[in-house]
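One structure below.
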Amino acid sequence: MLSVCDIDVFYGDAQALDRVSIDVEEGKIVAIVGANGAGKTSLIRTIAGMQRPARGHITFRGADITGWPSCRVCNAGIGQVAEGRQVFPTLTVRENLEVAALLPRARGKLAHSLARVFAMFPILAERGRQPAGTLSGGEQQMLAIGRCLMGRPDLVMFDEPSLGLAPALVQEVLKTIRELNRDGLTCVLVEQNVAVSLRLADRAYVLENGRITLSGAGAELLADDRVRQAYLGM
Amino acid sequence: MIELWRIAPPRGRIVIALALAVLLALPLAADRYVISVLTLIFYFAYVGQAWNLMMGYAGQLSLGHALYVGVGGYVAALMWLKLGIGPWLGVFAAVAAAAAFGAAIGWLGFRFGIAGVYFALLTIAFAEFTRIGFDHLELTGGAAGLFLPFEEKRIGEWWNLRGGQLLFYYLGLALAAGAALLVALMARSRLGYQWRAVREDETAARALGIDAFAVKMAAVVISSGMTAVGGVFYAFYYNNLFPSQVFEISRSIELILAPIVGGLGTVFGPVIGAFVLTPLGEGLTAVTGRFGINAPGVKAVFYGVVLIVIISAMPSGVWPRLAALFGLKDHAR
Amino acid sequence: MWSIYLNVAVQGVLTGLVYGLMALGLSVIFGVVRVVNFAHGEFAVVAMYAAYALFTAFRLDPLWALLPLAALFFLVGYGLQAALINPFVGRPEHEQFILLVGVGIIIVNVLLIAFGPDSRPVNLSYGFDSYEIGPLIVDKPRVFAAAAAIAVAAALFWFFRRTRTGAAIRACADNLVGAGVVGLNVKRLFALTFGLGLACVGAAGALLVTIADAAPSLGPAYTLLAFIIVIIGGLGSMAGALVGGVLIGVSEALAGFLFAPSMKSMFSFALLIAVLVLRPQGLLGQRT
Amino acid sequence: MTTLLAAANLSKRFAGLIAVNQVSFEVAAGEIFAVIGPNGAGKTTLFAMIAGALTPDEGTVTFAGARIDGLTSDAVCRRGIARTFQIVRPFPALSVEDNVMIGALLRRADMRSARAHARAILEMLDLADKRAATASSLTLPDRKRLEVARALATDPKLLLLDEVMAGLRPTETDRMVAILRKLNRDTGMTILLIEHVMRAVMALASRVLVLHHGAAIAHGAPKDVVRDPAVIASYLGAEAVG
Amino acid sequence: RAQAKSLKIAVLLTRSGYLAPAGQSCHRGALIAPRVLADYGHQVDLVHVDVESNPDVARNQAERVINDGVDVVVGAFDSACTLAIAQVCEQRQAPLVVNIAAAPALTEQGYRFLVRNFPTGSQIAVNGLARIKAFIEATKANPKTAVFLHVNDTFGTAQRQAMDRLLPNAGMPFRVLESIAYDPRAQDLSVEVTKIRALKPDLVLVVTRAADAIKLVRDMVRQRFEPMGIISPGAPGLYDEEFYEALGPLADYHAYAVPWANPKSSMAQALEKAFKPAYPNYRFAVECFNVGFTFEALLVAADGFKRAGTTNGAELMKAIRATNIKEHIMIGGPITFDDKGQNNNVPSAMVQNRNRAPTVVLPAEDATMAPVFPMPPWQGRT
């Protein structure tokens, strides 16, 4: 469904990604794990069209989307739940959701999308008129997920959705991702919480200093010694 | 200073020595118009350098530097007119007064964490506030202006800065060269490093023990004091001061164009900028005149277009581009 | 005596509202695009000339010309942002400053070439009329202009608060990264915002010409005025611009009346300095 | 051993969230002390309060016998505490050497000796060959090293390191561990570090403090702490053990 | 070069920048001058330069035109620019004939290569007060109180200082209640008008600039304030084309004491004849102040050249200093200069707007209409 082929990404003179390639199959969960600054966010931003690769290309459903602006990528069906949630703090919860439905592909389905999101996260319906900046971290994360779904994506990239959440909430969020996947959504999951994300994933990639160093089925990597040593402290 | 000379690349040394020699000898050959344009270039290179120190090195955007030109000019002129103290002494009072203004603005701005556009607006507000104040100040003749006597018999009284074009030409040259040297030295001093640290990232600078407030205060005080010397030059060159002329915002803008166009935070930027912009203005006058399109305003329109083109094509200024062209990339700063 | 004060204050409020509308454009643009439009007043003067031209050619009352002018200036702003200013978004302030100073110089001098240096009045049939309400005498053009300014500002508020595109623009102002994340077309929204900002200026110019005569040299003065107003009200705050306008209008009027009129703008600058020092984000601005 | 740094009942709130909650600990002179904890546990916030970047809502920080809470970050640095930033903050337009120079100038008025000092430190951190490059062109591992170099250049008595190993490869991590250990041994410099890379923590620290949701949940020698059930549950993750 | 037939003159004016209106008006005078001068037997070649209301430009351009072989410089309306040019002319020994600029310093700073055929600020005030007194006497009106409103710029302040000095001993029938200064950059004068209205003066004395005068009168009408008259002791504003355009019938009856073209001078009539076809959109009657003085400056230069017979700066200057021109444009005369280079024979006429045209009403020998004071009410004017 999505394939990233040999991309390099630079910030000024500094290289963040070095010949990274990944493949995402329809209906699967793909995990990308790696330490702080390994380039996970950079990869997501590049796929989303917010960063231009210096080389390589990205195809989605057969179309070459390399270098497309982010609005076009979104409209092609790639959504993202960004690192740090990135909600609009002074807009109300409802406005946050509505704005995301401005994508041409989602515009006509606003009412339906809204109903679905409220059904999934009833708390958001309750807080509909409240500025998003006043929500708690967990609520904001739900809003970020809900907002992403308003754009009617076929593939969603989650960048550290559990960051800064209490353990109970982490479970909640991960459960949601699993459910969304069950309903047919393809997911890319970026997490530092290596153990959890590897167990969830059908396939996983390990990113180190901008390079893919390992890849394989989630369970396989979980059993890999190198992974256990580097990321699980054993 | 010797250190500076030592680290300059050989080609750079030749160019600088040659340029200085040519400028020193020029009055022997060049006509008075060229000399007068060059005098103006020197003035802008000088005050531009002073501004560069504050914006280019310390990263504090001031859009009200005309204030210091005006204060410096007025103080020195008053000292001479009312107390009979000539400009060579008066300049100290002028520097002190302008530095006091600078310190007051800096204190208010930096103490209360005002930065960027807001700080720029604060500086404009002070300049305008002072302009209106001077418009009402009896001591300086108010809006009617302040005039320095310009009499034939005084020409040659260099100690009172009474003299012909050449006096001001060489004085301007000395000021511009001296300011460039001063900034080059400062940039390599401890303070210069601290300025750049604050400019680049104030939080990180403070984590390295730099007292950002003190360092920024030093920048605004030195810059305003330096600018005041330009004001003394201006007052004694033109022999008259009108608040509506010297404190005017367009004056502040005029004086920051050269360093920005030339290259902020570089020693040669303000100089190159002055050598680009002033002749550009004169050239446009000549060219529009030659082609018979000397309708008032046409020149300014071209000037505006050139500004837009330069800032779009070379956002970091002409000099870094030139330096790269001549393979002096590492010496661009 | 109090009736005189009342008169002065009301004049200040009315004039301040029109200035506030002009400043509103600056605030909207800065709040979203984060570009400081240093040629703001110059655009306002272009609008004044446009209103003047429409009046002389078609006898179109500037209060009506306001609508086509706002539309026209919207297009100008949209095009300008898309073509010229977009590359400067996110660049250092001094670069934006030079760019827009260049634009301002061009505007002032093109106007000088096209219309000459003399000021151009719009002679309204009701230009010299005034309402007398008890001790209060207020002139019609000012009342109309202030009312129109409120109407335009209200329309803009409505747009930003009630429409989805308005919410999207606010979203860009709130969190630019977030806007990219949800796939908003940021460039288009920026152009739209610049367009709206200039539409304000277009409308304000049409109103200004009913209370002042168009002249090329007004540009820089209006730019400065708009700055003072938005900084006092809070750069980026819409209501702040109107409040700032009224505050400046009233304080200048009262200061002019109580002290020397020639020093009245000193009070504006003093107010500006006080606000910057005590509440740098402006009266209605939010701390970032 | 004398106590160099003592934090007592430190707390910090952000808009309702308690980022650091009544944390107390002491660091002895010459010690290497580590703070660990899951993402968002409050480690960086704790550092920021020690370094003067944030003022604690409650509690005190004592350094070399004097209260330093409430001092500005530059004053704290001049007292002898240098820090690195987790999200690195080099001076991007300046060269690597100039970045370090700025640190070195804190205690050296003379440019020549400051430059010599900067070069020595760059040498030590394997950055010497990159000293003319602008900081913005460095890779993340190099930037992390630059961050350390710059802090070291101020000749601190106490060095605060916020996740300087993150993103380094195992060999690079080992190299950094060796450098820090050598520094600690040769100069007696006290080091307080935040780290996720347990390999480094185990190798370096004599004592570890574990934070979770802003509170200290364990405290002691590294090998004891990693066996603490509360730590395993909250940080290392139950799965990891099982 | 000494045998040159025609005199090369550079006309430096503020044709852009904030003094552009006046500069361009003067420029019109300069453009039509050569043909009129030729009819009087003077050959002049003009170079026109815009000094952008900026002394830096003025200074450099003065150097440039002198380099290019110009013999005399004329200019520059603005005092700051004129002073900048004066220094260059002094050093290069090129005569500067000031067309308009009122700063007293010009002829007090000791320039030898400068003459000014224009009154100083205080001369304008002295002449103006005398005319105002005559004006009131001639109409037998009886204003008891006045307010003096002036723009707070170079010119306005100089006027104010002169008024403060002169008024107490001028024997005026009215008492000045208050002097009010306003900011030249003020966007709005309604508060100033309210302030005047609150003082209820019979007479409003004003020193304004072009656009300000419009704002002033407009706000007076709007605020329904009707003094007996609005009179200027010598300033622009009340007689600009834009003033008539903006105010229509309300522009009438305001009076101002300014140097003015003598309607009975044949040279003025010749100038007007040349002006009309050249500028169909402008009226000589309105522009004659700027046009007239600019023309006279050129006349002074050309006349000096004729007598000196050389373009040598020093000799030409000597001839110009010795000028004695009886036939010229403006009321008064002859044109002569004192040791400082100042012409002290530039009186003011009392001019009043009548049917939207400036009309000389005093002195009687030059007048074309009789003065009207107090003015008729705002309402009902056509």
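Each chain carries a letter (A, B, C, D and E) given by its place in the written order, and its residues are counted from 1.
What we mean here is this: contacts are C-beta pairs under 8 Å (C-beta built on N, C-alpha and C of every residue); 3 or more make two chains touch, one makes a residue touch a chain.
As the structure is a prediction and not an experimental result, all values here were calculated from the model.
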Chains in contact with subunit A and also with subunit B, listed by label, are C, D
A student comparing C-E to A-C should find more C-beta pairs in contact for C-E
Which chain has its C-alpha centroid farthest away from the centroid of subunit C? D
So, what's the distance in Å between the C-alpha centres of subunit D and subunit A? 31
I'd like to verify one number: the distance from the centre of subunit B to the centre of subunit D, where each centre is the average of its C-alpha atoms, in whole angstrom. 44
Subunit D to subunit E, mean C-alpha position gap in Å, rounds to 76
Among all residues of subunit D, those touching at least two other chains are 92
Contacts with two or more other chains occur in subunit B at residues 132, 135-136, 296-297, 300
Which positions in subunit A are in touch with at least two other chains? none
Checked against the stated definition, the touching pairs are A-C, A-D, B-C, B-D, B-E, C-E
Of all residues in subunit A, those that touch subunit C in their complex: 48, 50, 69-71, 73-75, 79-80, 82, 86-91, 95-96, 98-100, 102-103, 147-148, 150-151
In the complex, subunit B touches subunit C at residues 55, 61, 63, 108-109, 112-114, 116-118, 120-122, 124-126, 128-129, 132-133, 135-136, 249-250, 253, 256-257, 260-261, 264, 295-298, 300-301, 303-308, 310-312, 315
Which residues of subunit B touch subunit E in their complex? 31-33, 35-37, 40, 132, 135-136, 141-145, 147-152, 164-165, 238-240, 242, 244-245, 281-282, 285-286, 289, 294, 296-297, 299-300
Residue numbers on subunit C that touch subunit B, as the complex places them: 36, 84, 87, 91, 93-95, 97-99, 101-106, 108-110, 112-113, 117, 220, 224, 227-228, 231, 235, 260, 262-263, 265-266, 269-270, 272-273, 276-278, 280
Hey, which residues of subunit A end up touching subunit D in the complex? 12-16, 35-38, 136-137, 163-167, 192-193, 195-196, 199, 208-209, 228-230, 232-234
